[in-house]
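Going in written order, the chains are labelled A, B, C, D, E and F, and every chain counts its residues from 1.
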Amino acid sequence: MRSHPPDQEHTDDNMLKVEVNLDDTPGEWLGYVMEKLFEAGANDVYYTPIYMKKNRPAVQLQLLCSQQRLEDVKHIILTETTTLGIRYYPITVFRMERRTRVVTTEYGNVTVKEGLQNDIVIKASPEYEDCKQLAETHQVPLKDVYAAVWRILK
Amino acid sequence: MRSHPPDQEHTDDNMLKVEVNLDDTPGEWLGYVMEKLFEAGANDVYYTPIYMKKNRPAVQLQLLCSQQRLEDVKHIILTETTTLGIRYYPITVFRMERRTRVVTTEYGNVTVKEGLQNDIVIKASPEYEDCKQLAETHQVPLKDVYAAVWRILK
Amino acid sequence: MRSHPPDQEHTDDNMLKVEVNLDDTPGEWLGYVMEKLFEAGANDVYYTPIYMKKNRPAVQLQLLCSQQRLEDVKHIILTETTTLGIRYYPITVFRMERRTRVVTTEYGNVTVKEGLQNDIVIKASPEYEDCKQLAETHQVPLKDVYAAVWRILK
Amino acid sequence: MRSHPPDQEHTDDNMLKVEVNLDDTPGEWLGYVMEKLFEAGANDVYYTPIYMKKNRPAVQLQLLCSQQRLEDVKHIILTETTTLGIRYYPITVFRMERRTRVVTTEYGNVTVKEGLQNDIVIKASPEYEDCKQLAETHQVPLKDVYAAVWRILK
Amino acid sequence: MRSHPPDQEHTDDNMLKVEVNLDDTPGEWLGYVMEKLFEAGANDVYYTPIYMKKNRPAVQLQLLCSQQRLEDVKHIILTETTTLGIRYYPITVFRMERRTRVVTTEYGNVTVKEGLQNDIVIKASPEYEDCKQLAETHQVPLKDVYAAVWRILK
Amino acid sequence: MRSHPPDQEHTDDNMLKVEVNLDDTPGEWLGYVMEKLFEAGANDVYYTPIYMKKNRPAVQLQLLCSQQRLEDVKHIILTETTTLGIRYYPITVFRMERRTRVVTTEYGNVTVKEGLQNDIVIKASPEYEDCKQLAETHQVPLKDVYAAVWRILK
């Protein structure tokens, strides 16, 4: 899979969706686990509210990772949460061609991530961290920085 | 407030909505707390999934109770969960005129709770526990028992 | 309250938040009820997923309305859902100064709703229905129409 | 797959579940995307609230479609939302034998969708759109129209 | 699969995730269905709040079961809910080595379920039902019973 | 209100619950807004998933603040999100007597926040940030650090 340039349009076939239901892990730990899972190379980590037996509000942890990452991810889940098992299934991931460029706004430079189809830019997202930093430096609303980028993106 | 017959249409003005956010109470305990709160006379107890700081999936506990019940309810929340506080505000509760009657279906008797406006029945709900018991006794789907009641309710 | 021009900054003090928990109303009906409540003059109607006793996934209906609308709103909830009661509490609503203007994009005209503070426009939202219609007419993505408006809003 | 009469009991093996996580697409656009996806032949489209990194409340879009529809569905998601990728996996769909019939209530005709097992009707759902129209025409609660149908369904 | 001692670390490859979207099943029935599905041998049953078309708050039912249980599970879902179909996909389930032991607290005995990796206990969960019973017998908060167990688990 | 020592049991009567529904603010901005609101002195800030009209998955922002903070909080919400208004209502906040102490575990020191009733400690929560730092320094699971604290708390 890693023979393709990662920013070209391609489909990854060796990905896994991992999931686990948690009804006795405190929410405080779950914020921590998310961090650890990203550090271990999970592509995406997210929580969904669920309802389990015995009137238990609970949380489903889901993440995407390559098969190579499975052991690391499994280790973190098993050591950092209260579950006694995990489950997973293969999932196909399509990724658009993407590239980044930098635009210069009245507040400073912002990296923009672009998505392309047939070599045409069909979407462009200002990088959150850049915008956040400019908003804080210039003491303006975050959305003004985004708006400054959008005006430039034609 | 308790001078009115409880099944007549009336408005209760001494009710409170109590709420607390919980990000470090395991879900297992929350099922238990719900039970205790109903036993203490809360009229309604329910959980809402919320998102708190530091990426914590969490739960908001809410309940309705009369002002007389506040101390008992507060005691349970403070001793059975991890919170260090609770909050509450007054809420007005309108209750329809209600009465119950028993209908005889092909599976047996079911209590039906009726809601009335201007002495006219505008809604009728079969009691869940009755229907459940008949479904189990007769080994039929629960919804067949409800359907049997609905056919009778004209 | 209605002595002020509705688009000036003002605070409405006669508003109510109405809420009801629903664990035996089918979802199909809830879409319908939302429509009826908006037609009756509710300012906002929304649903929140909740968990009720006996492992019941349920829904909380909430809405904002003026005290004058309470009777109509109550009537709809009591006749169209399965609840036997509703509850409500006063809520203060602050509304920014607002005005609308029309901008001309490459796809056509779009009304923009602006919010002002101290006579300065601090936010501007393209009207969804206008953008939707242009997107459909011109067979372009909805977000391209929004982007076209954003470029004009300086 | 399309060699079977679509209303007979059968299992579809060429179906896909498609999903995408969205943390920077405004909710306004998501209502629009749902419409477009249904028009493109998705069998089911739904949203689930999720929590993503950096304290972002977000939404997971999921849908069911046949493999033949994948390209159309992918195109809509990539052009109408902010995501740079989608993911999917095969899913087996079992469909009950189904048929429709029309029942005549005191309010008018309502189509009823029936589900059968071994040629026996085990469930029957009044068509929402029919009931809605009759409720509006006759100015009665929607649930009265459903109740009228239920009384006829024996 | 059943040739392994069930408490040893192992991976089950013949498991299925079953799911169904429900927008017209009342919440009352869903609590009942959960019970029936556990009785039929589902390993896990849970609900997720979802949003379906036409502004319908709805619920996704998901469960894990072995392929041998599929027919029973399918039967319950089709007879007890309003759906006309179900869907499912294979899922791999990893289970840690587990064992139970009993610890004696100041309130009485509590079974503890332990999870092991490489013969080392890496997690230990007091059994909820034991703790609940002791809390009720001794009239102490449930969390005091858990705390009593935790102090013993070194 | 500020005449009491803040760690004694007391009830704050000048608090407000502020809320706003957001259906067109991207999730990315919402993480940012939460941060700003805490910096402005909000006591609690949280998000709840809601469903709004036109099939829009949306988010309700809620927060607690004193009346003195209202103007700052309002300013942030109005400048950083897309809403044209906010709403609020008074809420009574009861706070337990609380104190902190430091315990020395095998991994290092951890601050513990204790809640008292009638001078008796009825709950004790290890500070998350302390535990997190020790877990990272010692390369052990976060829950092992919590467990180390729990063993000491008698």
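Everything below uses one rule, namely that a contact is a pair of C-beta atoms (placed from the backbone, for glycine too) under 8 Å apart; a residue touches a chain by one contact, two chains touch by 3 or more.
Since this is a predicted model, take the numbers as computed values, not measurements.
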### Neighbouring chains shared between chain A and chain F, ordered by label
B, C, D, E
### Query
In the touch network of chains, how many steps separate chain C from chain F on the shortest route?
1
### Summary
Greatest centre-to-centre gap (Cα means) from chain F is with chain D
### Message
Which chain has its C-alpha centroid farthest away from the centroid of chain E?
### Response
C
### Message
To test your reading of the model: what rotation angle superimposes chain D on chain F by C-alpha positions, in degrees to the nearest 5?
### Response
180
### Query
Just how far, in Å, is the C-alpha centre of chain D from the one of chain A?
28
### Task
Please compute the C-alpha centroid of chain E, do the same for chain F, then give the distance between them in whole Å.
30
#### Entry: For chain C, residues contacting two or more additional chains
24, 28, 34, 47-49, 51-55, 57-58, 79, 82, 89, 122-123, 128, 141, 143
### Message
What's the contact topology between the chains, one of line, ring, star, complete, other?
### Response
complete
### Residues on chain A engaged by chain B in the complex (per definition of touch)
22-28, 30-31, 34-35, 47, 49, 52, 54-59, 82
### Query
Any idea which chain B residues touch chain F in the complex?
21, 24, 48-54, 58, 60, 74, 78-79, 82, 84-89
## Note on the structure
Within their complex, chain E touches chain F through residues 49, 51, 53-55, 57, 122-123, 141, 143, 147, 150-151, 153-154
### Message
Taking the touch rule as given, give the residues of chain D at its contact with chain E in the complex, in rising order.
### Response
15, 17, 34, 38, 44-49, 64, 89-96, 98, 113, 115, 117, 122-123, 125, 128
### Residues of chain B defined as touching chain E within the complex
28-29, 32-33, 49, 79-82, 128, 132, 135, 141-143, 146
